[in-house]
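Some structures to go through are shown next.
Paired with chain B in one complex and with chain C in the other, chain A is shared by the two complexes that follow.
And now, the complex of A and B:
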């Protein structure tokens, strides 16, 4: 069967199955289980309406529990166990306490990943938010701002892998006597006359070359959100400042910034979440070599290269722990909002 | 509003220039990939892509016609032709030329030079040459001419043919393209269907535990999918799904649901209460209200999420690597194909750039076509 056709059939079955569930289950509830006729019509309608929310929710709750909630629990368990293959070929998971965590703590690669991740956590959200704010503020003031915005926003649609290829071309280095096809080295060699540099292998700084890729992608996101927030600022506050003789910089830093602080925090945390999970960029560009390891790629290596599920799960738990403060903060905000 | 109170300041120019600079900086990387995908391997390796947009001075070494193409004109043996046409290189304008590598540019177009074998060579600006000799030409190959020529921009679709149509299994993106599509479409539609029902229940139905469930969804929004890899792979292998499309769709559905439910619920809560209560009074069931009223009204939110999920599943590498791609490699997706090309053909930029551009072109089209909904979704998802 041609792959396109096979794909089409599976699409129809998958989507059709979903729609069929909702339609059939509701039909079953209304026509068979609690029909809205006969002596108990009134009570049946009530009963059906009590059950219906769960009918509506069931697939979602099932998928959420199975695909997100259960893995959290299971990962905790796996991080405390060791996979042992027994003599008859079966595998069991032996409880080993915190041994996986201890083993991880002895691994210099892990600490390299931790250190790099912390740098990512500071640099990427900060630069993305700063550039986003700058772009938002500038583009809001000009006629062709919307076109400019959409072009700055565009990298958002590009996959991390695609971005990795794009930036590898930029960082490319040719032998000293050949003409440089990577723009960074072309400029560097042109200006200084030095030999070209393999940028992705330069210790420490190569981390920043990788971070730039994510900043490039995330700036558009920050810009869109912050631009909406800037437009939401009441005009009176700005007019009052202008009347009082404030210059544009004062207006921006003293009047506008404080009023969009809440949004800046939201943007910052959202990008933080992206950073914590960053995998593709590092995987495609350096695969953690030359001191560029990050947690997500470290975990991937443990899981699928070293095949040590215990340590892999332990490092996944570290990512989870780093996310937890944001999780708690989000949940509290959501609850406060619903009450208010 | 910045223009009131006479503040049409000198900053306006600075703003325009800064924005031009920002846009250029953000566009430049993608443009480089795009331009490179239309260049041949030699062009990419010999000059930066930025220089391909204008005519460039290049040093070319071309061979004149071979001795066996000579014709006799009276006493003279003559070889005539066009240097560019003979070698199959695109036409260019000769700036100057020479007959040895040590004396590049010794002659102007139209000049006549005496070759080492005693023959006379004339090269015109358009590459036409005429080589004459009083004795018969010997040897197998033509003489070498060293040209400095202004080569006009030259682009080719050959890379796209190679990547999309050649069927070469290492380079081919055609199969990966369909595989990606097969992953993406159900993985976008299924979570929408599931989440829409759930979001309606969470927005407009009364039942105990609703607030708790909403908090549950908000909490799951940020759970890193890294945690799910091993437990779910174990589960899939355990219940016999193994690695394949089904498992991938389910995984994408699970990972996309929190955002879908959250976005759709937020949107649905904002729909006017009157419409829904009137429908209830008229005897519509929740199922009817949902399909006839809520779904059509929620179109903007559905579109927003659809774009998110589409971009995310199309661009995904990790989920595909873990849940889809097995040892046979038959189900590889484009992102994975590109990573493999990075490994096997790291220096072949023409293939890499083209493959990458094929993979990002679809999201870019979707992005520009539906940007409005994407922005709306982002705003609904993060600004409260």
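And now, the complex of A and C:
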């Protein structure tokens, strides 16, 4: 079947199925189950109205159980089991307690991933937020500020893989006798006359070369949100500070910053969530080689290269544990905001 | 710049224009701006310029220069003849895959999100806030958690390695966000209107269709753009759940860059990277305002 045709069929079946579900179930409820006529019409309408929300939320509930409840339970379970091939050739999942976690704790690659993830967690949100704030402040009242903003924001629209491909070529190094393609090496060789460096294989520092890519993407996000927050600051507070003779730095750090602290925290935590799940960039640029492993890529490797579902699930659990506090905080925040 | 009194840096700059200390912030300002330009624009510039050059021009060291000879051959090659994995198919079939994946997933998640938002706000029932909290939670759960269980579900339903399978995964994941958007939007919609329509005898669907939907334009655009960008740019699900024939654009792009043996065709890689980013870039350029609004609704409120 031609893929475009298959796609069309998917659309028709999916959209049609959804609409049919909503319409038919609604009809069923109103016409068959609790018809709004006869002696109990009033009660029937009330009953139907009580059931209706659940009817229409069913797809969402179904999705929710699929992507939230089942995966969490299943991943916990798998992280405590080991695949065993029996004598008759069939495989079963045997309960092994915390053996997968113990195995993971013995794996130096896991600790490398943990350590790198911690570095990512500190560096990327900090730099993205700082650069975003700086860009928001600097472009705020410049004539071409909006153009600059759109350009800084542009990387947000590019996929992580796309960005990784671009930056890989920017870090590219060719043999010393050939002219350099990668911008960084071209400048480096041009300035120092040294041999080009394979940047992505430089131990320790290569992690930062990868982080730069994510910062490049996330700055636009931080900038847009913080720029809106900066504009929301009451002018009087700034005018008062000017009258009192504050210099631009004092105005920025002592007047503006404290007033947008809430937004800064939100931006920071949102980027933190992105960082904890970062996978595409590392996978596409180094695949965790040369000491650049991170948890998400470690997990992917366990799953698809080593094919060890137990350890893979165990590492997924670690990611989940790291994300959960921020998640809960985020959800509580969001709900408090909605109530207020 | 009529109202400079509200601009702190300009005001301070003018009062101390003669002193040396005023020059220092200016210098810092411009240095920072230039560095920012290099950091954020150079990669984009390099990408565009080099996708329009013959390979010899790049390897001869003319990386930063504008092309001597403008050519769209790399684009043609990336689109239809470049080596992806084992086949020399170019990115075209994968572009189609991505489209076939994105359109139903976006359409369905938006429709379901709108209905969910409507039910959660206008037909509030016991447990609806808890349910919404869970949905929110689901928006941000790490995708790594679902890889194995989802692989199982896809295997059981026979959708593994197919485009409909990817549609399904993205749909399931998209509902959380689209519900979040519509719920917040409908929460501000006057409930009296809904009640009035109810008294006039309008049913569940009529109210949705006639009263809420006509005013949902802006949020629908936000939701569609957000879902489109996310699903188009996704890599993890594509890499995990697709066969060679059903892989989306992002995965194919990675294969294009990784699989080239022998001569690295930089210009083709750049062209491919732009191609993969083009739909989302276009959406951003055409409807950037909505893009940003979705971003803010999705992050600040979630």
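What we mean here is this: the second predicted complex is superposed on the first by the 331 of 340 C-alpha atoms of A that agree within 3 Å, B and C clash if a C-alpha of one lies under 4 Å from a C-alpha of the other, contacts with A are read in each partner's own complex, and residues count from 1 in each chain.
Everything that follows uses one rule, which is that a residue touches a chain if its C-beta (ideal position, glycine included) is under 8 Å from a C-beta of that chain, and two chains touch if they have at least 3 such contacts.
Everything numeric here is computed off the predicted structure, so don't read it as measured data.
Once the complexes are laid over each other on chain A, chain B and chain C cannot both fit and instead clash.
In the superposition on chain A, A:68 makes contact with both chain B and chain C. Using the contact criterion defined above for the overlaid structures, shared-chain residue A:123 touches neither chain B nor chain C, since it reaches no partner.
In the superposition on chain A, contact is made by A:15 with both chain B and chain C. With both structures placed on the common chain, the touch criterion links A:263 to chain B and to chain C. Residue contacts after overlaying the shared chain place A:145 against chain B, while chain C stays out of touching range. In the superposition on chain A, contact of A:243 is made with chain B only, not with chain C.
Overlay on chain A, chain B versus chain C, candidates 57-65, 93-101, 129-137 or 345-353: the clashing stretch is 345-353. Counting contacts by the rule stated earlier, residues 3-4, 6-7, 10-11, 14-15, 18-19, 22, 26, 30, 49-50, 52-54, 56-57, 59-61, 63-64, 66-68, 70-72, 74-75, 78, 131, 134-135, 138, 141, 148, 150-162, 164-170, 172, 178-183, 186, 216, 219, 221, 224-225, 228, 235, 238-239, 242, 248, 263, 266-267, 270, 273, 276-277, 279-280, 283-284, 296, 299-300, 303-304, 309, 312-313, 316, 319-320, 323, 327, 330-331, 334-335, 337-338 of chain A appear in both its interface with chain B and its interface with chain C.
Those residues of chain B that touch chain A in the complex are listed here as 1-2, 4-5, 7, 9, 11-12, 15-16, 18-19, 22-23, 26-30, 32-33, 36, 44-50, 175, 178-179, 181-182, 185-186, 189-190, 193-195, 197-198, 200-202, 205-207, 211, 213-232, 234-235, 245-246, 249-251, 253-255, 257-258, 261, 285-287, 290, 311, 314-318, 321-322, 335, 338-339, 342, 349, 352-353, 355-356, 359-360, 363-364, 366-368, 371, 374-375, 378-379, 382-384.
Of all residues in chain A, only 3-4, 6-7, 10-11, 14-15, 18-19, 22, 26, 30, 49-50, 52-54, 56-57, 59-61, 63-64, 66-72, 74-75, 78, 131, 134-135, 138-139, 141-142, 145, 148, 150-170, 172, 174, 178-183, 186, 216, 219-221, 224-225, 228-229, 235, 238-239, 242-243, 248, 263, 266-267, 270, 273, 276-277, 279-280, 283-284, 296, 299-300, 303-304, 309, 312-313, 316-317, 319-320, 323, 326-327, 330-331, 333-335, 337-338 touch chain B in the complex they form. Note for the complex: chain A touches chain C at residues 3-4, 6-7, 10-11, 14-15, 18-19, 22-23, 26, 30, 49-50, 52-54, 56-57, 59-61, 63-64, 66-68, 70-72, 74-75, 78, 131, 134-135, 138, 141, 143, 148, 150-162, 164-170, 172, 178-183, 186, 216, 219, 221, 224-225, 228, 235, 238-239, 241-242, 246-249, 251, 263, 266-267, 270, 273, 276-277, 279-280, 283-284, 296, 299-300, 303-304, 309, 312-313, 315-316, 319-320, 323, 327, 330-331, 334-335, 337-338.
Taken in their complex, chain C has these residues touching chain A: 1, 5-12, 25, 29, 32-33, 36, 39-44, 46-47, 58-61, 63-64, 93, 96-97, 99-101, 103-104, 107-108, 111-112, 115-116, 118-120, 123-125, 128-129, 131-138, 140-150, 152-153, 163-164, 167, 171-173, 175-176, 179, 184, 187, 203-205, 229, 232-236, 239-240, 250-251, 253-254, 257-258, 266, 269-270, 272-273, 276-277, 280-281, 283-284, 288, 291-292, 295-296, 299-302.
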